[in-house]
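In what follows, subunit A forms one complex with subunit B and a second complex with subunit C.
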Partner chain A sequence: MSRRPGRAAALRRGGQQGDGRTWPSWTGAARSVARVPVLATLAVLVVALVFPRFEGGNTTVMSLATEALTYGLVTMSLNLLMGYGGQVSVGQAGFLAVGAYTTAIVATHFGGLPFIAVLALAGLVTAAVGLVLGLPAARLRGHYLAVATLGFGLAVPEIALNGGSLTGGYTGLIVPPQQLGPVMLNNPVPVYYLGLAVLLVSAAAIRSVLASPTGRRFMAVRDSQDTAPAMGINAGRTKVVLFTLSAFFCGLAGYVFALNNSIVEYSSFDFSLSLFFFAAVIVGGLGSMWGSLIGAALLVVIQQEAVSLGGFSEAILGVAVVIVLLLVPGGLASLARRTRDAVAGPRLPRRPAGPAGSGPGGLPDQRSSPAGASREG
Partner chain B sequence: MTEFAQLVVSALGFGGIYALAALGLNVIFKTSNVVNFAFGAMATVVALLVWTAHTSLGLPTAAAWVLAIGGGAALGGATESGFMRRVAGTPPIVSIVMTIGLLLLVEGLAGVIWGYGPKTVPTVISGPSIAIGPVSVDRNDLFVGAFAVAVTLALNLFYQRTRLGLAVRAVAEDPEVAALMGVSRRWVLGLSWAVGVALTGVAATLAAPAVSLTPTMMDDIAVFAFAGAVLGGLGSITGALVGGFAVGILSDLIAGYVSTNLQLTVVFALIVVVLYLRPQGLFGQAAQVRQ
Partner chain C sequence: MLQIEDLSLSFGGVHAIEGLNLTVPDGTITALIGPNGAGKTSVLNVINGFFRPQRGRVLHDGLDLLSVPPYRVIQQGITRSFQNVALFGGLSVTDNLIVGYDHRSRTGFARDLLHTPKVARHERAARARAQEVLEFLGITGIARRRAEELGFGERKLVDLGRALIGSPALVLLDEPASGLAEGQKAWLAEVLSRIPAEFGAAVLVIDHDMRVVMGVSSKVIVMDFGRKIAEGTPDEVRADPVVVTAYLGGSADGAAEGH
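So, the complex of A and B:
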């Protein structure tokens, strides 16, 4: 029944490459860019588009929905880094903070700038920070990299606290409302649509990056930092590009975050937020963009209930991470995939399977169920 | 000059705490090649156990400490046998994810059990400060610093002079050859985790009087300990002591001369610079970096 020869063995063996060192097989779909389930995407998109029709009057719900979009973009950017690039970040809230503060500072001091310029600056400034962090990261692996990003996540709020009038110190910065053509972005519904647009465009951009040679280089470095150079890939430079890109998209999320909260404070970006993003990516499924969105949505729900749950909200995330790691490699996204396979039979041809590493668009799964085989005909 | 000397001496206390926590991290890293990102939460549990045993159960301080340290060792051993063993031999990211999951789990459960209200634990030693010329030394700080040095010496003696210590070093050096020589890897890893978590627990309990004891109190202290461990070299015992004190002194000097709100930033910069220029730290071996 199981396609894997024992979970422990699969973990130890390291992916389907069989080199035993580099990447666990629980990344599942991350082998290649997973195909988009078109109908499901359309359904979710329609729900997302008409959602304000029903809840538009409820500012709390709209603000939470926008927060889910923001977190979704953050977890996507983190998934790009971890799931596709194989690099760890335990400080992603730091990038979110850079994006949000950039938005607030630019919007305050250069009020006349069009919204798209502010959005671009939020992304670019954060990308520059990602580049600087990526330079040492390019030389580091595994635990060393994790320690460095952890320090980054803790340092950014403190720097913001010390920024004087530039960052507003303890009180933070009020974000002046942005003007989008005739629409003033000072009301939850337009901010929601803007957030949705930023998320969709970013998701499309991330997908096209992953499908490009650059994306292939990310995955090659992830799968083996030792063999990637043998293929002519500069692993260090690839990692710097990866960090820069991840930071860029996280900075865009910071823009939406700033508009949605209309105030940017250092205390919004504490260390636990970074941990929560990390957990959301793992629980949703490394290497699955859908999983990231699901993880982000769960995170918003759990945070919302945190007051009544107390410590349980954190413990639930911890348990979920451990369970995913030990029992559900691939996270919730893989559960959805497995359920679909169980009901409808596996889709053929599917992602490259088998230790031979048959390459993109590889052979049909040899061990597919009879139901799947009959669908083929 | 006096101010400088005073700042350096004042760092004895927190330097010792960072050193003890870094020792706990490095004892674990030495054998398992895992950075225990959950150590802050686990250490806090030990401190909270001291509080419970002392305040709720009314045990004398010494008994409370023994009980809590035993609890910490049990927690460490259970972490190894219940969780870390299942991901042994996997790429680093798997154990990073595991320890971060455990961090969330333990910190959350500590919040459920003990709540988030700050608690107080008395200092081990009280009494007036000792004056050495113009510089005054807090008795408790002196004790903490001396204790960290003593633990380092004891650990070095253990690793160098005992058969069990030899077995631990053998596992750290080459697990397969060690297994051939009849060393139980499980035993050694379980022991390392037990000692490591107990040590970080001691650090948290010593830190608790100076900060408010809550389930999240170690979130910030943890990064200083990580910095100390990285500066000294991950896996190095003497390195943890030197690194811990160096980070303590550095952050004290920053607080004294620059700003009290810049310590995390400077420590982060230190981590990045050390990892960039000399990832193996002051005392580590270059080979360990390429895990």
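So, the complex of A and C:
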């Protein structure tokens, strides 16, 4: 596209000329984006890795831990859709169901397939469903989109219930154990590690996509759908891609879900599960990958503790969500950010100010000298 | 070169543009001025593909822009800024600029997921280019700030940078000076005047503040009630009695100061 040669060089020259001529009120100290320190990430990873050494004998706890990983991945996929893409879904359990049923059906009928092929199929089939849902969803906004995804979330378990021998109907499908090399994935510890691996790889892929043209398109459509086309963004196509990707990761979670539960039943994927994921994203904080994991883990624990209270477990979950949102409106991720700012103060620029930054950029923050800069016309 | 021939656009019974002819030669700055409601922004929205006119032709380097969807117009080398400065608020200043550069990326979402070397190359090139544009605009200090934290003047410059980063052949600027303080207007005028030389781009700039555009434009077109009422060099237009009348009967400069 570079029509005229030497333009970049000319631009660089221009930049040097521009230094020092800047109007002072344009300037501002750079504030880096919030990043969880590498050390904290490693600490959490180590805890996750050694966890089975202490609780490996307790099948209930291990299964619950794997459920937290699974729901963490679903919440991440929903966060990709809602937090980064600005689209609503209150039917995310529908995608989880597609992934889980695909796993059970494929593993039953094609027992010889390696686990990675079953996992990939769970992701791809769910992605295809996400694409089909994304086509109409791309034309809808706000409440209308919420209702469309609600319909999807309600329809999937009904279809599974009436799916005859393919889905097992009311009784569901037993998931045959998967073979991972020499390891049989039929007890909680290997399934836990598999879930952890799927979660880590998915999180890395989501991070990667967010730092790429595709991810910026998601966020551009979220922030200003009407002007995005002027930057070459096809908003409808972008939303279809977003739904497809979100569904893909949800399908991978469905694979882990199927293995962890050993049985896939329509009743596991009712509307309250979709609401659970919706709540987990909000509680964790929209647009924070860590927030999604923490939100999902917290809600899994609360729900588990509330099970003994019978019919009140849903109500307790709801009350807990309201309490968190009243105390921390931005979600738990914003709590971490605020704590860091309170302890260390807002971060300074990471990069030492070079020649370009030392001119205008080194002057006081524009917010402290807003003369005219913030005046709107 | 941009050529607009006999362009007419109406909304219901309201004629926004009537029989407009104009050209923007390569590498020059052309100003489109006129009172509020004269149809200036509608002209940009037609070029940009946001509005489809009832009559007329819009050609860029001989290609009919009216058959191009809005999100493909940038591929024809045409970018724009917005009067209401619709930045991507949650993104950093650098990422806002890079969105204006991403149309060059030919990697689909599958490659983006895997972050292949091709994606990494695009990211490096985009970041380097964004840095150059920030230096050109004199705002390297705000590169990492989120767009929604910025003051209005800074947003205006980022919006301009987002239009420039894609190395366009033609930049459409919608009231870049509105809402700026005096000193900021002077800096903006200097930045504008350097765009053709530094970027090799032609500029079509809309404004009703005549002082900024008069100083930097080689040609000025005046619109009122959807029609072109005058065209010429800044001095010719300033002396044109029709223009003076359109601007509320006072001197053209004096009237503009009222905005």
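Throughout what follows, the second predicted complex is superposed on the first by the 291 of 377 C-alpha atoms of A that agree within 3 Å, B and C clash if a C-alpha of one lies under 4 Å from a C-alpha of the other, contacts with A are read in each partner's own complex, and residues count from 1 in each chain.
The definition used in the following text is that contacts are C-beta pairs under 8 Å (C-beta built on N, C-alpha and C of every residue); 3 or more make two chains touch, one makes a residue touch a chain.
Please read all numbers here as calculations on a predicted model, not as lab measurements.
Using the contact criterion defined above for the overlaid structures, shared-chain residue A:Ser224 touches subunit C, although it does not reach subunit B.
Applying the stated contact rule after C-alpha superposition, one finds that A:Gly318 touches subunit B and leaves subunit C untouched. Residue contacts after overlaying the shared chain place A:Gly181 against neither subunit B nor subunit C.
In the superposition on chain A, A:Ile233 contacts subunit C only, with no contact to subunit B.
More residues of subunit A are in touch with C than with the other of subunit B and subunit C. When the two complexes are overlaid on their common chain A, residue A:Leu245 makes contact with subunit C while staying clear of subunit B.
By the document's definition of touching, of the two partners only subunit C reaches A:Ser212; subunit B does not. Shared interface residues of subunit A (contacting subunit B in one complex, subunit C in the other): 8, 11-12, 14, 21-23, 26. Taken in their complex, subunit B has these residues touching subunit A: 29, 33-35, 37, 83, 86-87, 89-98, 100-113, 115-116, 215-216, 219-220, 223, 226-227, 230, 234, 259, 261-265, 267-269, 271-272, 275-276, 279, 289-291.
Those residues of subunit A that touch subunit B in the complex are listed here as 8, 11-12, 14, 21-24, 26, 82, 86, 88, 90, 133, 135-136, 139-144, 146-148, 150-152, 154-155, 158-159, 161-162, 270-272, 275, 278-279, 282, 310-322, 325-326.
On the subunit A side of its complex with subunit C, the touching residues are 1-4, 7-8, 10-16, 18-19, 21-23, 25-33, 205, 208-209, 211-217, 219-220, 222-224, 226-235, 241, 244-245, 287, 349, 356-357, 359-363, 366-367, 370-377. Contacts from subunit C toward subunit A in the complex involve residues 48-50, 69-75, 77, 79-80, 82, 86-92, 95, 98-100, 102-105, 107-109, 112-115, 119, 122-123, 129, 131-146, 149-154, 157, 162, 166-167, 169, 178-184, 186-187, 190-191, 194, 197-200.
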